[in-house]
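In what follows, subunit A forms one complex with subunit B and a second complex with subunit C.
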Partner chain A sequence: MRYLELYGLFFVQRLKVFLEYRLSFLIGASSTFFMQAGGLFAIWAVMRVTPNLLGWSFDQVLLLYGMVALARSFELMFANNLWVVGQHYIRSGDFDRFLVRPINPLFHLIADRFNHDGIGNFLIGLVVVIRSSLSLNIDWNLEKVLCMVLAALGGGLVFIALNLITCVSAFWIVDSAPVTLAVHEWHEFAKYPLSMYSSQIKTALTFVVPYGLVSYYPALFVLGRDSSFLAFASPFMGMGLMLIGYALWNVGLRRYGSTGS
Partner chain B sequence: MTQSLKFMRFLSIYTSFGLLEIQRIFQYNAWFWVELGRGIIAMIIMTAFWKAIYADQTQLAGLTLTTTLSYVILARALNAANASSVYWWIAQHISKGELELQLLRPLDFQLLHLFRDAMSWFVGLLRSLPALLVGFIVFSAQLPTDFMAYMAFFITFFLGGIVMFFFEFMLGCIAFYTTEVWGLSVLREGIALFFSGAYIPLNFLPETFRVIASATPFAQATYVPISFLAGVQNPANLGNAILSQLISILVIAILSRWIFSKAVQVLTVQGG
Partner chain C sequence: MPAIEVLNLEKVFSIPQRDPGLAGAFKGLFQPRYTKKVAVDKISFSLEAGEVVGYIGVNGAGKSTTIKMLTGILSPSSGHVRVLGRDPHKERVANARDIGVVFGQRTQLWWDLALRESLWLVAKIYEIPKVKFVALLEEFAHVLELEELLSKPIRTMSLGQKMRSELAATLIHSPRVVYLDEPTIGLDVLVKERIRGFLKTQNKQNGTTVLLTTHDLGDIEELCSRVLIIDSGKLIYDGALETIKQRFGTHRTMKFELAGAGLASPLHLPDGAEITSQEGSSLELRFDRVRCSASQIASSVMSQLEVLDFSIGEPDLTSIIKQIYAGGLS
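Entry: the complex of A and B
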């Protein structure tokens, strides 16, 4: 409860910054919308010519795309600082600020900056998922709705956890962004049906860098193509990865010596 | 303090400096490998995607699978090698409050940056080489056999770069009014994805979109040169392509200089 209150306080501070730079906020929040739309437009243009991607229609691919965008938006909004912990905090010595305060340093790092760019991602994800599910005439029931909600929230957790695991490298090499990016980039695979790829890539996307659990398996379930437990696995995998990430974070934190600037 | 303690202290101080060097080298190398890795991931996705799309047909939008794959892989490997950084330079000069110093120099501000960018395009081409090699060796992108195709690529690559430079310069002038650049740059990148042909050959776009896209600076810089190299466009079209790029350069260059002259009058120096 105390941490929730604190988060609210940090959030209000951040909101004041946004109000100071209103134009910047609006552009930032809408900019990711255009980035996503650019990618979607390319898929639309191709699937307009051939409406079949190994048995997947354009609307079904849209669903995958939207689910990835939705899950990723949580990482973008709430945990974007994991990307820049090395560059913005450790290198400048600013990270020491977190260590002298009576709150968990990881919480402080994450709460320090709500990233408004994620709002655009969230909205476009939501719109794309709703739009595609309407044209797919999905026969919704409680299980399917639950599956979608869990996929979005659990998927967000998977995104955050993988970024946490990789950002820990900042304690050793300072700028962890390339390491995070190397793993994060795998989410691009999950914007398309995994059946498109070789079995090794499919396995990696299910168990190693499980972005497949964010979109492909839940989509199979919602579309009534498959009822594998993997459709509901993202929250569990996300929590498991978070625990690993937090343990690694603590190892890194113990090793941390300030840059001394 | 005993000798051994002194030695340990000595060692720990100097080792920490040595480690800093390792960190520095690692970071430069890390970015290189990560970018290459991202390129490979994109190529895997593209290959799987296009093979699936072409599963039941030999030609789509007038292109074969081999030509389309060559195009998308080359586009990814070259990854905007002729991009311009002038937008960021202007923004940086403004936010650091040093633009007036730049303008006081007895040199043409725009021309100075054009030369800076042009040099970076050579470096861009060199940096694309590893990804290009991967594209050719692992993903079987096809190199053209006609020498003219290479000529057409190089000429339109540099002219396209110049078109983009003037366009980005014009865009950079917006920073005079907003003093904000990040969001706008993402916005521009999104729009570029529609029109540049960086994801798909423009041949796949509906006719109206294709006509609009071809006229944009984004397509002039990306689609035109790559379409020559991938065999999407015949080198016989080089004359037309050059003419259209030269007209774009003329129009945008004049416009950008006019906008700059207006924008510089409202310069606000952040932080005095």
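Entry: the complex of A and C
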């Protein structure tokens, strides 16, 4: 409860800063827009050549894309500092600041900076999902809506958890961004149907770096193609990975306590 | 119970050794070799509640490492630390409630936020009631002259403004123990005075225990009655500032303003005195006050030259500390 209140306060302060820096806000928002436009264009280009991608239409692939963007936006908005914990906090010694305060250092790190670039991703993801699902004439029911909401939230958790697990390497090598990137880039696969890939990669995207749970399986459910439990697995997988990440984070913290860098 | 208790405290770091060149870098990658560096070497001391103690030593002597262990950031390699009866590393969060830390030129405030907002966030982190916060803010704003700064973002502040803000943020939760790492570095005299005054009041009003590392001996002289001196990780002195001054401050300087320029003939001086500089009409002497007195020198000089004015300099702590480092304390 106390942490929720604190997060709210951090968030409001951050918001004031954005409003103050209108230009930076606009640049951030438009760069998000251009990046997303590039991503969408890539899909359009692929689908123009192969209008039917192993039984997936352009609009169906767009749905996958939108779901990934939506889930990722939570990581971008709320946990972006995990990317830079080494470069911005450990290297400069600012990490010490978290350790002399009476709150959880991981919470402090995450709350320290709400990233407004994520808002653009959220909106674009939302628009793409709505647009594609409209043209797909999905027969919505409560289960399907629930599946989409859980996929976005649970998917966000998967994104954050994987970044948490990889960012812990910062306690050993300081700059953890390349490690995080190496894992994070797997989410690109989830913008296309997993049936495209070899069974090993499909398994990896389901159980190891489970970005497939963010888009592919929930989409199968919503499109009425499959009703595997995997469509609802992302919140559980996300929480499991979070627990692993938090355990590793504590190992990293212990190491920081003995080396101080 | 002492506020800070340190017994045989030791911190050893393993430092990867690298051979020079690219080949060396590769070798280090696959066969890392480590050397042990003893940053803090079995030191012991204790601070009573309400004491203000100076912790001095050259860069790399082990000051910051000690403070990091006292704040709970680092775990000791061996030995015993208690701050207000707690193990600061194992009970880090509980310890954090009762301590305040200023890390030199690093800021603990939010770069883009106005000072008032930053302080409010800090207050919320420490769960300070709004009424108390408002009262303290008013007091601090007055003593540290922050009124004009409250609506200013930290990034737009000068060094001195930042440090004053930093101190307010460090003391807003009324910590019982405060660690200050170089709180006056790079600041002008007026700001230094204000900061020292603030710390003195806090210490007097609330009985705050202060451990202060500094290169500025003015800080020490004004604030601390006791100093700890650390050199290569070892505590080489723990005692009154006066004792050091008396033991090592036997050399004084004396300045003369002469009528007319320069010396016509060599000056005869009592034993234990020597000329250290001479420029135009000013003459500077250094003397050992055990071997000769200031009045002996003054009368000797005045009998040979026409003197307009003269002054006696206080013992200079910088040179005293240098002597101690050079191995003069045994």
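Here is the rule we go by: the second predicted complex is superposed on the first by the 251 of 261 C-alpha atoms of A that agree within 3 Å, B and C clash if a C-alpha of one lies under 4 Å from a C-alpha of the other, contacts with A are read in each partner's own complex, and residues count from 1 in each chain.
In the analysis below, contacts are C-beta pairs under 8 Å (C-beta built on N, C-alpha and C of every residue); 3 or more make two chains touch, one makes a residue touch a chain.
This one's a predicted model, so the numbers in the text were calculated from it and none came from an experiment.
Q: Once both complexes are superposed via subunit A, do subunit B and subunit C end up clashing or fitting?
A: The answer is clash.
Q: By the touch definition at the top of the document, which applies to A:L243: first (subunit B), second (subunit C), both, or neither?
A: neither
Q: May I ask you to decide whether A:R97 touches subunit B, subunit C, both, or neither, giving the answer as first, second, both or neither?
A: A:R97: touches subunit C, not subunit B.
Q: Scan A:L53 for contacts with subunit B and subunit C and give back first, second, both or neither.
A: A:L53 contacts subunit B only, not subunit C.
Q: Check whether A:I201 is in contact with subunit B, with subunit C, with both or with neither, and answer first, second, both or neither.
A: Touch status of A:I201: first partner only.
Q: Taking the superposition on A as described, I'd like to know which of subunit B and subunit C A:F10 touches: first, second, both or neither.
A: The answer is second: A:F10 touches subunit C but not subunit B.
Q: Just to be sure I read the superposition right, which of the two partners does A:L134 touch: subunit B = first, subunit C = second, or both, or neither?
A: neither
Q: What's your read, subunit B or subunit C touching more residues of subunit A?
A: B
Q: A:P178 in the overlay: touching subunit B, subunit C, both, or neither? Say first, second, both or neither.
A: first
Q: Which segment, 8-16, 98-106 or 260-268, is the subunit C region that clashes with subunit B in the superposed model?
A: Of the stretches 8-16, 98-106 or 260-268 of subunit C, only 8-16 runs into subunit B after superposition.
Q: Determine where on subunit A the residues touched by subunit B overlap those touched by subunit C, and list them.
A: 21
Q: Mind pulling up the subunit A residues that touch subunit C in the complex?
A: 2, 5-6, 9-10, 13, 16-17, 20-21, 92-94, 96-97, 99-103, 254, 257-260
Q: Any idea which subunit B residues touch subunit A in the complex?
A: 23, 26-27, 30-31, 33-34, 37-38, 41-42, 44-45, 48-49, 52-57, 60-61, 178, 180, 182-184, 186-187, 189-194, 199-200, 204-206, 209
Q: Over in the complex, which subunit A residues touch subunit B? Could you list them?
A: Touching subunit B: residues 21, 23-24, 26-28, 30-39, 41-42, 45-50, 52-54, 117, 173-175, 178-179, 181-182, 185-186, 188-189, 192, 196-197, 201 of subunit A.
Q: Which residues, counting only subunit C, touch subunit A once they are in their complex?
A: That would be residues 13-14, 65, 68, 71-75, 77, 89, 92-94, 96-97, 99, 101, 103, 106, 108, 110, 112-113, 117, 120-121, 124-127 of subunit C.
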